[in-house]
Amino acid sequence: MIVVMRQGCTDAEIEGVQNAIESKPGITAPIWRGAERSVIGVLGSIYPELQTELEQLPGVVEVLRVSKPYKLAGRDFRPDDTQITVGDVSIGGSEVVVMSGPCSVEGEEMLLATARVARDAGARILRGGAFKPRSSPYSFRGMGVDGLKLLAKAREETGLPVVTEVMTAEDVDVVAEYADILQVGARNMQNFILLDKVGKIKKPVLLKRGFSNTYEELLLSAEYIMSGGNNEVILCERGIRTFEDYTRNTLDLAAIPVLKRLSHLPIVADPSHGTGRWHLVAPMALAAVAAGAHGLIIEVHPNPDKALSDGPQSLTFENFQTLMEGVRSVAQVVGKSVAPEIT
Amino acid sequence: MIVVMRQGCTDAEIEGVQNAIESKPGITAPIWRGAERSVIGVLGSIYPELQTELEQLPGVVEVLRVSKPYKLAGRDFRPDDTQITVGDVSIGGSEVVVMSGPCSVEGEEMLLATARVARDAGARILRGGAFKPRSSPYSFRGMGVDGLKLLAKAREETGLPVVTEVMTAEDVDVVAEYADILQVGARNMQNFILLDKVGKIKKPVLLKRGFSNTYEELLLSAEYIMSGGNNEVILCERGIRTFEDYTRNTLDLAAIPVLKRLSHLPIVADPSHGTGRWHLVAPMALAAVAAGAHGLIIEVHPNPDKALSDGPQSLTFENFQTLMEGVRSVAQVVGKSVAPEIT
Amino acid sequence: MIVVMRQGCTDAEIEGVQNAIESKPGITAPIWRGAERSVIGVLGSIYPELQTELEQLPGVVEVLRVSKPYKLAGRDFRPDDTQITVGDVSIGGSEVVVMSGPCSVEGEEMLLATARVARDAGARILRGGAFKPRSSPYSFRGMGVDGLKLLAKAREETGLPVVTEVMTAEDVDVVAEYADILQVGARNMQNFILLDKVGKIKKPVLLKRGFSNTYEELLLSAEYIMSGGNNEVILCERGIRTFEDYTRNTLDLAAIPVLKRLSHLPIVADPSHGTGRWHLVAPMALAAVAAGAHGLIIEVHPNPDKALSDGPQSLTFENFQTLMEGVRSVAQVVGKSVAPEIT
Amino acid sequence: MIVVMRQGCTDAEIEGVQNAIESKPGITAPIWRGAERSVIGVLGSIYPELQTELEQLPGVVEVLRVSKPYKLAGRDFRPDDTQITVGDVSIGGSEVVVMSGPCSVEGEEMLLATARVARDAGARILRGGAFKPRSSPYSFRGMGVDGLKLLAKAREETGLPVVTEVMTAEDVDVVAEYADILQVGARNMQNFILLDKVGKIKKPVLLKRGFSNTYEELLLSAEYIMSGGNNEVILCERGIRTFEDYTRNTLDLAAIPVLKRLSHLPIVADPSHGTGRWHLVAPMALAAVAAGAHGLIIEVHPNPDKALSDGPQSLTFENFQTLMEGVRSVAQVVGKSVAPEIT
């Protein structure tokens, strides 16, 4: 950190800051007196609260942070891309991994039908919600553990590993029993108790960006999970909230190249939630792949207009199959592959 | 709801929509054929998923909602202001209730000192964090149950009821054991499991607006709590996230008159988190009172530059005392009162 | 429009609204009395101020707009894609048209060198700023008319048509004398005097989305130009302002498929301004093409670290050549073409 | 500025940066080698483009700005509050100056009636739009010069100085002929040609904050005007654009204390545009005064439901009179005065 002092501050103020810094073990504070103003360096051990403390001292104008606040999640810590293996799928390498399925698990038949179509079209992971976060208490909130059991059954039938959301620390164990990847949803990106808990398990976590959170905050939430011992975090861009209300969210695709630069973790995109409208899913899915995404999450439903949640953003089977052809083509020209269609 | 049909849609499409609506029990769907386009009404029982379903039907351009999605939290449901009583304090009436204390409970001495100063200056509720949500896993995360015990002790000494944050459903019982009001923080405004849980207790809940949530979403989260049986919800505006980064958040004071119009629940403002800078707390606190707030939450610390969290936004004892004089004057001219100073 | 009345409103209020509507020539107002509340239709001629007027009447809760506020810019008005021809280039068809050049025209040599490299790599239009909008009065504000002359000279040498920004109505004539396409910048998207003026000329206009404007507002600004008689409007997505500050703006690529749906006008993307960082330009350019953009605007500079403006977001010649190969590949798989490299 | 170098950068890179800086006259670049990384200072003359240039050099991670980019508009430049005198009114001192009138000038009778009521209730400046910026080309766009003449007539009759908007550089002279204060609207806050032009006149300018502009950008736009020689700039907060759409804008009242700290210029608030709903105008006006505003702009109309623009946010005469009583009371308790009612 660098402490910028007020123009014309006193020597006593400069010394006050220097003393405050050097009172901590393992840290030094060289002073650099400029013509216009003085600045003081902060070198050595990291004290998370120190910036705040220094900003309060007399004579201080600003405290500029030079290092990033996350470590384990950063490229500096681990220069090579992290690849996360689930069954025979590797996320974070040269395959664009498509995760697909219904928004909510609504019953066995619809789930199995969707899973088969998804797999045959080239999806590698089955998604489906058993616990659903809903803004209104009067909306359908998922089948719960029964939904988890259906997902496990669909995995057995199709061979697809399962990703599903966990909404609270108390449910982590039961969800981990059935799922292959645990999803932490956008509204829970800063549910720190939940992050702590999924940091203690041995399964990968798909961490969705909160709809008003920065890249740095997303990486800090990944840091929570990793600092608990679980390094298998998959980042997910799913749209942020802006003033534009034609789309449900604004899918921020620049997050993909930025997060690949700042972090070694894989990053996938969710154009279904990121747009909220089925006719935008295909163009934004292709765009995400072109931007370098390691994977896609796509909602598919046998009958979107009867879906109990997120119908407007779900693809029909046919639309999904068409989408996958496009994804395959774009992946190829950016040097990536997609699992082949099963015919 | 009103379903707007495409110009030139077919009779079959119109009938399709009508049938879809009238297939639900207790609902009728009159058609109104305009010169330019047709619209179809939806009258009777409420089906939360129906809007989504109708939007998918052929010929439909848009489904416009006429009723509000919340009921218990709305003015229509309860025209008179809700007043919530805690000890001898009533929140939601003509007193501007000031809730004050340190961001985090850091120890007995600092807590008691702060509580006494707060009370003597006219605060009516003691605030203090025992469980702290922090963006970084490396920051101070609160004293936990030990902090709760200190808060209870401070209540005993000062007579001030205590408000403190609960971060997860698992902790609701223990927090409710010590606190008089449970706070649900901004990052948990849509932690629906937590909302469900605090909806089952018999203590008031202070519900903070998420930093990218709308008024309607805030009221829907209140609805979660109320639909569980707990009607004692205090709304709190604490700043939203915008492009402006000089302030930590943008305190949206229009939320106060708007929420008083839409809802019968009390609404308080938090200028400490809403600005993130101590020198902005006083002007924004006065502004909140002028705008009609039922209360204020203000961070005070014996020594803000040594605070373990949120130092830059905490007031010194002296600044808090000065602030309270201003609050008292503004409250008076808008027909409200503030507890007198104890000298 | 549809006027929604308050529950329990009086018959006199309903009649008051009906009379207010029917007092306008060519308009009728059928009443539809529901069980819960009444609504009143507004059919016939359009009166732009009527919504506002009705919202003020006693008993009115809300006035819902059913039609879109723009006409000439909308798909309803013109179902087929508009193609705009400049020299031998057609914008809006199956070719992805790349517009490239330096942010600012800084001198003859740098401009010609850049124009030749751009053309040889497959750019079809030369961009370059002669009049530069700058947040600070102390920044370089462009070469003015001298810059326009250099652009004309570069066109002569390379055969590339020129697009350049016009900042004020007074300059429209002089810019139109030298340029082939006039650019209206993001900060001027709602400079209505300028829109009126470029609506009167016979050259195409590239209209950039303001950084906090909606799709609808962008189309209304296009409507300004078109209602003046100039139908040749090219829309441009160049990033919106959000809370994320790692990137200069948030490039909203969903704008591309949305605007293609709502409007018949061509839409191009500007990943240089949309990200503000050169290393993000290539992935976002490919993404824009995958999302269906009709063109790209890319800043190139012989020596980005000496650029007088926007150096951090400009590509070197070499990076631009590499980018064009990628663009060509992605264009091909989405059924588009890009001009071939000249070797 | 301070240049932060990459960890492990080479000596040649450090020297490259130092040389780049010291190649400019009047500037030195001391190097400070830390244990973890090196930083290089930039001391002396200011070169606006230098930050950009340095960010491009090899080995550079970040260039941190220490000084503010504006000078004339800043408190450092002028520690005392600027007071701007118009007729017998002084803006920027201890009087809360209320500027009031209709959104648009619609005719003589309505203007005079409004002006008289405004004056008698304590308004000191008459506002009214003759040139109206409208999102749609089909909306009423003002009476133009005829409107200016009516404003001048109303000034004659009531003694109130006039503030009115100028939309383009070409109109500055004619507007300055009739108006006492020229308003630059939110959409023109970065119309730099217009800013240059009003910087050359001898009348005060009311500069509205753009709806997605930062405090710093607002002050830079003031700097444009001041650097042209016109120091009489009145800043105006009128609401920013956020995701909340219940209100037309989000009135950011923290702008008031922040801008008073950063700048010596007066700052007024516009709760009419800042909320877009008449029932929110009074509470937000009182809040603005409590927050320290030097003035208010309030829309009043003899018959808001017939207004040709902005009816929903205009007050009736009666509501305005009630509002003024509230403003007077709040002003008094924060040590300010408001002109007395004329009875």
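By letter and in written order, the chains are A, B, C and D; residue numbering begins at 1 in each of them.
Operating definition for what follows: contacts are C-beta pairs under 8 Å (C-beta built on N, C-alpha and C of every residue); 3 or more make two chains touch, one makes a residue touch a chain.
Computed from a predicted model, the values in this text were never measured in an experiment.
Visitor: Any idea if chain A and chain B meet via the same residues, over half in common, or different ones?
Guide: same
Visitor: Compute the centre of every chain as the mean of its C-alpha atoms, then state which one is farthest from the centre of chain D.
Guide: A
Visitor: Report the inter-centroid distance (CA atoms only) between chain B and chain D in whole Å.
Guide: Result: the chain centres lie 31 Å from each other.
Visitor: Chain A to chain B: how many Å between their CA centres?
Guide: Averaging C-alpha atoms per chain gives centres 27 Å apart.
Visitor: So, what's the distance in Å between the C-alpha centres of chain C and chain B?
Guide: 39
Visitor: Find every residue in chain B that makes contact with two or more other chains and list them.
Guide: Each of 212, 241-243, 245 in chain B touches at least two other chains.
Visitor: Please output the residues of chain D touching chain C within their complex, sorted ascending.
Guide: Chain D reaches chain C through residues 46, 48-49, 52-53, 55-57, 69-70, 133-141, 167-170, 187-188, 190-196, 211-212, 217, 220-221, 223-224, 227-228, 241, 304-312.
Visitor: Under the definition above, what is the set of chain A residues touching chain D in their complex?
Guide: Contacts found on chain A: 2, 4, 7, 28, 30, 32, 34-37, 39, 41, 43-44, 61-62, 64, 66-67, 76, 241-243, 245.
Visitor: Which residues, counting only chain B, touch chain D once they are in their complex?
Guide: 212, 214-216, 240, 242-247, 250-254, 256-258, 261, 274-275, 279-280, 283-284, 286-292, 326, 329-330, 332-334
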